[in-house]
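What follows is a pair of complexes built around chain A, which joins chain B in one and chain C in the other.
What follows is the complex of A and B.
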């Protein structure tokens, strides 16, 4: 018998600010190629001696993880699992620039130490004094789902009862200038909202989203995570089979799904995957979120937060609904994400009566 | 010497990313480690690199570090006597 896995707390820092009781009420839709996260004050959370060495990725991770723990009333965890596509990119760039500028001499330790991908998970653990399982997944656009799958298995197999899982990614100048050159990011000067996308590339964002997972449901439980599935390569014509096989494994039909969360990012070439996916759910509400936080390798963590929010509140805010279909009861929500036609993932959530 | 001390304080603030601290906040005789500025072992490595990069001083004996990095006064004094650039 597997242990159930409940989302009891959420924390986030992104272009909309921080996670709150009504995170989709007052939103600003992003339209710039690169949109930074709105940084909260970290001084109350992190001692000055530590904060001076931290890049924004680490700070966002610490803030979001603490927010999730606070909401779940958890002060210790059995595992900290992090997903990141590009890690602490600012310090990686700083370190590499130092190597070049100083002819491989005078290399200082700080930016190197802070540039490794597992720094965020390590700093969260250091702050909590947590010596338990600590793992970081760097798997492109399934980095977060890989972390989530590990967390789910840790809980279901009774290895852990309380898990902190999340994703962080940050924008840094040089890397994203290169991404603009290969048209992964829209060109400077482009002002296009997600649904009005006309030029190549997508609007990128940054941020951290964390979840406090628990085997026990509480009054404030958002939802139960039932399954996560990852597939690296998938042709558009294989999407239907990917989805139906996934639902069959969970003894569900397409009609059982109350709403879907889609990862549309305005990519003229690859959003066709979402169009194909949505044809299966033409009669259900469709939810999108990347118009709020932008694309990143872990943006789908915010998609999970959106799905958990609608299941808990049993309402879909207008600001995140893609179509116009309404349902009175939301029981199962299915999240689909892919990026550049690769790194496909499905995550299934169920409503929890508290 | 006073000019060197001011310059040194600015460089320390810059390389150690001492947020909310200005040159005027650091007294020449303040302890850099422990109760003073509260620097730690990673900062010590940064200061060793600073001496090498900015003043051409290579610290060959780690035992020297404790007395050299005691304060801005002791650092400036050591730099003035040993700098190669």
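What follows is the complex of A and C.
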């Protein structure tokens, strides 16, 4: 028998602020090409000298992970697993600029030390004194889903009973100027909300989203994670097969899915994947979230948070509903994400009676 | 799966050879691949030695027969060369969809070699724009997957210098959980000015040939490499009558939780990783015939790892060596190439020497193997440790 995997706590820092009891009630839809996260106060969590030295990605990771642990009433874990598409960009750019601008002279190690992709996972382990399994995934838009699948396998195989899993990505200047240059990100000056997107590229965001997973459910458990599936590439005409074969493997039909969470980001070229996906679920409520946090390689972690929230509350806030279908009882929620037609993922959640 | 997960293929490019056979030949003959940096300009050229692969990006592009407008960076190119070899060695037909096949790659620098070259040049050179997206670490894996014709599960791990060990571990778990039938696992990292200068600021680069486990060691030689293994399920091995090169019988990952870059003096993380690997393998320390140590030749690593080895093995530490004096420290790829070397030790009943060793360390009585040793090798333990306290151990067993 496999052990079940429950989401018992969530933490997040992003453009909307931090995770809270009613995270979708008072929202501001983003419309800027680059939308920074609203940084909380870190002084309760991190010593002042370290706050100055740490990049925002590390700080957001520490904050969101602690929030998730607090909500789940967990203080120690058997695994810390993170995902990040671009890693610790601020430090990485800083060190690279120093190397290039000063002709490899007068360099200091701090930004190099903090530039490695596993810095956030390592810093969380350091502050928790956690000597257990510690992995970091860096695979574009499936960075977080890779971490989540690993977490699920750790729990299923009884290697771990309590797991902290999360995604972190930060915006840094030069990298995003280059992304604008190739129209991956909308141009400066564009003011377009997700549903009104007309220019090439997407609105980007940044943030950290963490989950405290446990084999035991509690009164405040959000949902159960059943399965995660990842595929590196897919033609639009293959989406239907990708979804139906995934559901079949999980002994479900399309009709069993109560609602879907989609990763639409306003990309004129690639949102067709989501449109195709949604044709399979025309009679179910469809939920979107990137209008709140922006695109990033780990934005889909916030999609998981949204799915977990609706399963627990059995309501779909108007601010995140894509279509007009009224919900009935929510039992299974399916999350679909891809970016630029690559790195597709499906994540299946089930409602938990507590 | 009582012996562990079957390894049915392997491929490697490193400073001591562009094939498995070339690497074995260099290892046997104590030929290191350590030189000055030739492939790019750096002010550190006269100050450090590296394990560099003497193929330019253009030469690799030609070898791989890539279109001229390809957007692969050095990390991806090295990876494609090694992954292709692994597939050929396992006699896998990538065109047929009979088996659920995946790729778990790993890297620490991703496309840094190109980024640092063109960082300020993109605005005025539209023909370079194709490289902008290649900076991202995961893109190197996408490129490798595309090159070998893989459509399926692809992911990338980045846990600094233990990355490839963790990729191998994840691959094994994917097979054991029944999610994949076959998985290509390993890592790739190219040398770059970025990492060279980074390690230089930490003052852990040696200005001469590195000397693992020597009292007078002065630091590491950086290197570049790529290596991949093919892991296959027992069902495939049975059905296809596959030749098994070795088994991955145990693995463990633990965190030192001591410091972002330094290892704890008693090697707590390393100790825990080895313990976990033994538990999983159902083996005891006395079953190990050879330890392929992490042995970077930094003062800190070798001291910490030495203490951890003594904690695990007691007074009876088996024959051990670090092969980093041959290849340099190849970061995310290190555990991949050392997995290949561990398998070669099993296949050939041979233990490779720890080059450049002269003076035992003062802190303990640990003497690495300094000459090529022919003896029966049934189980090899390989360690890899990285920044962020990341400690990984793999145990390979004879097929």
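Basically, the second predicted complex is superposed on the first by the 354 of 354 C-alpha atoms of A that agree within 3 Å, B and C clash if a C-alpha of one lies under 4 Å from a C-alpha of the other, contacts with A are read in each partner's own complex, and residues count from 1 in each chain.
The rule is simple: a contact is a pair of C-beta atoms (placed from the backbone, for glycine too) under 8 Å apart; a residue touches a chain by one contact, two chains touch by 3 or more.
Predicted, not measured: the structure shown is a model, and the values here were computed from it.
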item	value
First (chain B), second (chain C), both or neither touched by A:85	second
A:119 touches, of chain B and chain C: first, second, both or neither?	second
Between chain B and chain C, more extensive residue contact with chain A	C
Touching partner for A:107 - first (chain B), second (chain C), both, neither	both
Which superposed partner A:218 touches (first chain B, second chain C, both, neither)	neither
Touched partner set for A:53, first chain B, second chain C, both or neither	first
Partner chain in contact with A:143 - chain B first, chain C second, else both or neither	second
Touching partner for A:331 - first (chain B), second (chain C), both, neither	neither
Set intersection of chain A contacts, chain C complex versus chain B complex	105, 107-109, 113
Chain A contact footprint on chain C (complex, rising order)	42-44, 103, 107-108, 110, 112, 115-116, 119-120, 122-123, 129, 132-133, 135-139, 141-142, 145, 150-160, 166, 170, 173-174, 176-177, 179, 193-194, 197-198, 200-202, 253-261, 268-269, 272, 386-390
Chain C-touching residues of chain A, taken from the complex the two chains share	80, 85-87, 95-97, 99-100, 103-105, 107-109, 112-119, 121-123, 125-126, 128-140, 142-143, 146, 150, 153, 156-157, 174-175, 178-179, 181-182, 184, 230-233, 342-343
Of all residues in chain A, those that touch chain B in their complex	48-49, 51-53, 102, 105-110, 113
Complex contacts: residues of chain B adjacent to chain A	15-20, 38, 40, 42, 45-46, 49, 52-53
